[in-house]
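Here chain A shows up in two complexes: once beside chain B, once beside chain C.
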Partner chain A sequence: MVEKPEVEEKTIWHKLEDLPVSSLFLLVILSMCLTTLYPLGLPVPITKMSKDTFDAVNTLPQGSYIWIYNGYGSGTLAVHEPGLIVILRHAIQKGFKIILFSDSGPIMLFPRVLDAIKPDLERAKYVYGKDWVYLYIPGGEPVWATVFLDVWSVVMVEKDGIPFEKLPLMVEIKERGSTYKSMHIVYCQTAGSDVVDAFVRQVNVRYQAVTGVRLIFQILELMVPPARPYYEAGNTQGIMNGGLGAGEYETLLGRPGGGLKVTDLLSLAQLITIAYWAVGNVGFMMRRRITEQKRRD
Partner chain B sequence: MAMRIIRRQLPIAITFLTGMIFLSEWFVTGTVLTSFTTGLSNFVQSVHVFVFAFAAINLTIVHVGRIRRQLRAERRDLTEMLLSGYLLVLMYLVGLVGAYYGHVRMKIPSAVPEYLWWFNNWELPCEATAYAGTLFFVLAAMYRVFKIRSRETAVLVISGIIAMLGTTPLIASSWQGFFQLGEWLDRTIVTAANRAIMIGIGIGTILMGIRTLLAMETGYLGAKEE
Partner chain C sequence: MKISFVDTLGLWIAAILTIGITSIAFKETLFSRWSERSYLATATAVSIAWFPTNLDRYILKRISPGGVWTPIGPTGGYIFVVFAVLVGLMAYGRYSRKYFWLYRYMLSLGVGTGVGVAMRGAIGANFIDQIKATFLNLLVPGDVYTSFNNIVMWVTVLSCLSYFIFTIKTIEHPTARMVSLLGRYLLMIAFGVSFGIANPTRINQYAGRIVFLLQEWLKLQA
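Take a look at the complex of A and B:
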């Protein structure tokens, strides 16, 4: 006859160890709804990495050329869109010449960004084609390599099909010689680690020693640890740490926006998660202690 | 023999030549090599655009095949397929008609507000929801897995909690300790570990590149014919 295994008596510690995960989901969703409706407006501590990102843009003189690669999709919109808006606001405020470029997806998302920065563009009297331009450049690293060498050899029209000849900014870039000579700072937004490596190779490694071009990123929070060695080694002048980084940048610029909303959401959601983790661990340790004691007895 | 040359030797020769040209162009710019790499980049761009058309045709073929199979089956479940097929066709039409009116008739390049409406109201929320759904997996994993079972897991859990508290504005703004500790962890421990991984990957990539150029690595050609 097979002996039945001893069934462990369910105690309060068992319950604490196995709190229903659905309650955690519900609390996190509720906290997010509440902070969206009633923003806490908490002060955001500024990391050195964010300060360096801000300084990389802020210390450049008026008329510098900023190249912005926005390689994000709808999935990471909440993180990347505030990052793009705040950089564009800063670039407009500084009087930079702006060259945006991307694949087709981000172009579809750009009208939302344009709505947000419209007042800034009007205030600074920015003219499309003269002060800023948006290029559609599909392909990957081999294409970017050629773009930074000579953008005219890769594309001849901007995203809506307007020829470069009709865009004073693109004509100006051509007259200055190789494209990298009109590249003072490159801002890359991406959700792919391979893109970070590619931009370090094609911008920093290739041209920093020649022109002193600066390279900054906005990447997802989970991508920051693998990219950090580039920052510590000076391959990139700064990294915007996802939505949190965008919030810090907004604080530094004094223009609160979507990034600071993300930091508010994080505050409560993370605290709830930590509380659940603590309760679960107390339950786990107490249950284990009782089981061991019983075994010894 | 001729087939072997076409299927194996020729791609290997092309890979070697292209690789060597791109490699040399890195060191010597502004020569005939640059013209070659520029031409090739333009080709890559064209191929990239062509991929979209190929994907759309492929998706249509797959859907039509599946719908036909479902129609023959006893228990039919066409809802999902018809919905995605309908959206696929709808987006084709909206794109084509919109492009015709916007580009050809109104002379406004790529101004297709209808297409943008569908993108903003269908694609955007769906993709954002799918991505946001991962939050629940992460939350559930953290609650279930982050249990202090041994000394090693204790180190993992404690460092994780410090990192989390350091990035929680509510905590970090009231007491800087966790924030500074989190920064130290990031700058010292995490960077050191990642640097080692990156160096390993870098060396591996170089070796892989050399092996590919020297035809010692031919995995990209598919299975070897005996």
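Take a look at the complex of A and C:
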């Protein structure tokens, strides 16, 4: 006769150890709904990294050229869109010449950003083609390397197909010589670590010693630890730490927006996750203790 | 502000798809699968829709004599475009056993160009600058926090490096083994931090959808 395996009696500790993940999702979603409707207004401490990012933009003189690579898609919209809006607001406030460039995806998402910055553009009397422009440049590192050397050799039309000859800003860039001479700061938004490496190589390593160009990033929170050595080594002047970083930047600029809106949501959802983690671990340790005690008995 | 019918339709589709894809977290249903596939199908359709634009801007307008955007490049000439088109067409060799070798040439050209461009800055950014940044003062007068950080940095660098030394016999010495073990634990802490940070990242990404559902779709304001 086959001996039946001994079935371990389910205790409260078993239940705590195996809390259903769906209950965590439900609690996190509920907490986020509650904090959206009833904000907690928790303070947002400003980190040195965010302050450095802000200062990299803020200390440049009026008329500087800012190149913005907004390489994000709908998946990271909540993180990157506030980061783009706040940088654009700052750049307009400072009177910079703005050159945005990206692949097709962000172009399709740009009308949302344009709606948000429209009052800023109107207030500063910014004219498209003269003060700011948006280029459609598909491709990766080899393309960016050529863009920073001579943008006219890569594309000669902006995103909607208007030739560069009809855009005073692009003509101005051509007249100043190589494109990197019209690059005072580069702001890169991405969800890919390889893009961070590529921009450090093609902007910082190649041109910082020549022109003093500054390089700043807005990346996802999980990309910050691997990118941090670049910040410590001075390869990048600042990193906006995901949506939280955007919230800090909004605080520094004094223009609350989408970044600050989600910081409350994050705090409570994080607390719930940590509580689940702690409960699960307590359950695991207690169950192991009881099992070992039973075995000894 | 008047909202058009198309905007309202877009808002509803976005809301339904958001709820559908979120429901996967609880149970995979026909609704969740439909939402997921609709998203993928739309993304593919958008990519394909840009194809004629790329073909027109980067190829047709450039190789047509007297076109607005010719000649191309700092040195001019159509030869680069024609060459690029031919290399691009080689990618279709993948679909034939007989011409698979053409695909390999295309791939090696692409990889070679990428590596060549990246190598130019890689030595500086990933090697020299990182070594330079490691040479820190262990004791910074009047700044305990920085001193502590710098000491942690030194200990971490040395112990983690020692963990990866497999060929020298001295690593069998008890002290060296302890340093190596410390390196292993410090590496684990670093990996743990990276793993832990993934959680707020995903919550942050989803937070945007919650704000969208409540404030843009249901018009519930704080």
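Operating definition for what follows: the second predicted complex is superposed on the first by the 297 of 297 C-alpha atoms of A that agree within 3 Å, B and C clash if a C-alpha of one lies under 4 Å from a C-alpha of the other, contacts with A are read in each partner's own complex, and residues count from 1 in each chain.
Throughout what follows, a contact is a pair of C-beta atoms (placed from the backbone, for glycine too) under 8 Å apart; a residue touches a chain by one contact, two chains touch by 3 or more.
Computed from a predicted structure; not experimentally measured.
Chemist: In the overlay, answer first, second, both or neither for which of chain B and chain C A:Phe25 touches.
Modeler: Both chain B and chain C are touched by A:Phe25.
Chemist: Check whether A:Gly234 is in contact with chain B, with chain C, with both or with neither, and answer first, second, both or neither.
Modeler: The answer is second: A:Gly234 touches chain C but not chain B.
Chemist: Of the partners chain B and chain C, which touch A:Asn204 in the superposed model: first, second, both, neither?
Modeler: After superposing on A, A:Asn204 lies in contact with chain C but is clear of chain B.
Chemist: So, A:Pro61: does it touch chain B (first), chain C (second), both, or neither?
Modeler: neither
Chemist: Counting only touches as set out at the top, which of chain B and chain C does A:Thr36 meet: first, second, both, neither?
Modeler: Only chain C is touched by A:Thr36; chain B is not.
Chemist: Thinking of the overlay built on chain A, is A:Gly280 touched by chain B (first), by chain C (second), by both, or by neither?
Modeler: So A:Gly280 only meets chain B here.
Chemist: Contacts for A:Ile162 in the overlay, against chain B (first) and chain C (second): which applies, first, second, both or neither?
Modeler: first
Chemist: For A:Gly254, select first, second, both or neither according to whether it touches chain B, chain C, the two together, or no partner.
Modeler: neither
Chemist: Looking at A:Gly212 after the superposition, I want to know if it touches chain B, chain C, both of them or none. Which is it: first, second, both, neither?
Modeler: neither
Chemist: Output the chain A positions appearing in both contact lists, the one against chain B and the one against chain C.
Modeler: Looking at chain A, the two contact sets intersect at 21, 25, 28, 75-78, 104, 108, 138, 140, 142, 145, 150, 153, 155, 161, 206, 221, 224-226, 229, 232, 244, 266, 270, 273.
Chemist: Which of the residues in chain A end up touching chain B in this complex?
Modeler: My answer: residues 19, 21, 24-25, 28, 40, 42-45, 47-48, 73-78, 104, 108-109, 111-112, 137-140, 142-143, 145-146, 149-150, 153-155, 159-162, 206, 221, 224-226, 228-229, 232, 244, 247, 263-264, 266-268, 270-271, 273-274, 276-277, 280-281, 284-285.
Chemist: Touching residues of chain B toward chain A in the complex: what are they?
Modeler: My answer: residues 22, 26, 29, 34, 37-38, 40-42, 44-45, 48-49, 52, 103, 109-111, 116, 119-120, 123-128, 130-131, 135-136, 139-140, 142-144, 146-148, 157, 161, 164-165, 167-173, 176, 179, 183, 186-187, 190-191, 194-195, 197-198.
Chemist: Can you list the residues on chain C that touch chain A in the complex?
Modeler: Interface residues on the chain C side: 22, 25-27, 46-47, 50, 53-54, 57, 68-69, 72-74, 113-114, 117-118, 120-122, 124-126, 129-130, 132-133, 190, 193-194, 197-201, 203-211, 214-215, 220, 222.
Chemist: How about chain A: which of its residues touch chain C in the complex?
Modeler: Contact set of chain A toward chain C: 21-22, 25-26, 28-29, 32-33, 36-39, 75-79, 81, 104-105, 108, 136, 138, 140-142, 145, 150, 153, 155-157, 161, 163, 197-198, 200-202, 204-206, 220-222, 224-226, 229-230, 232-235, 242-244, 258, 261-262, 265-266, 269-270, 273.
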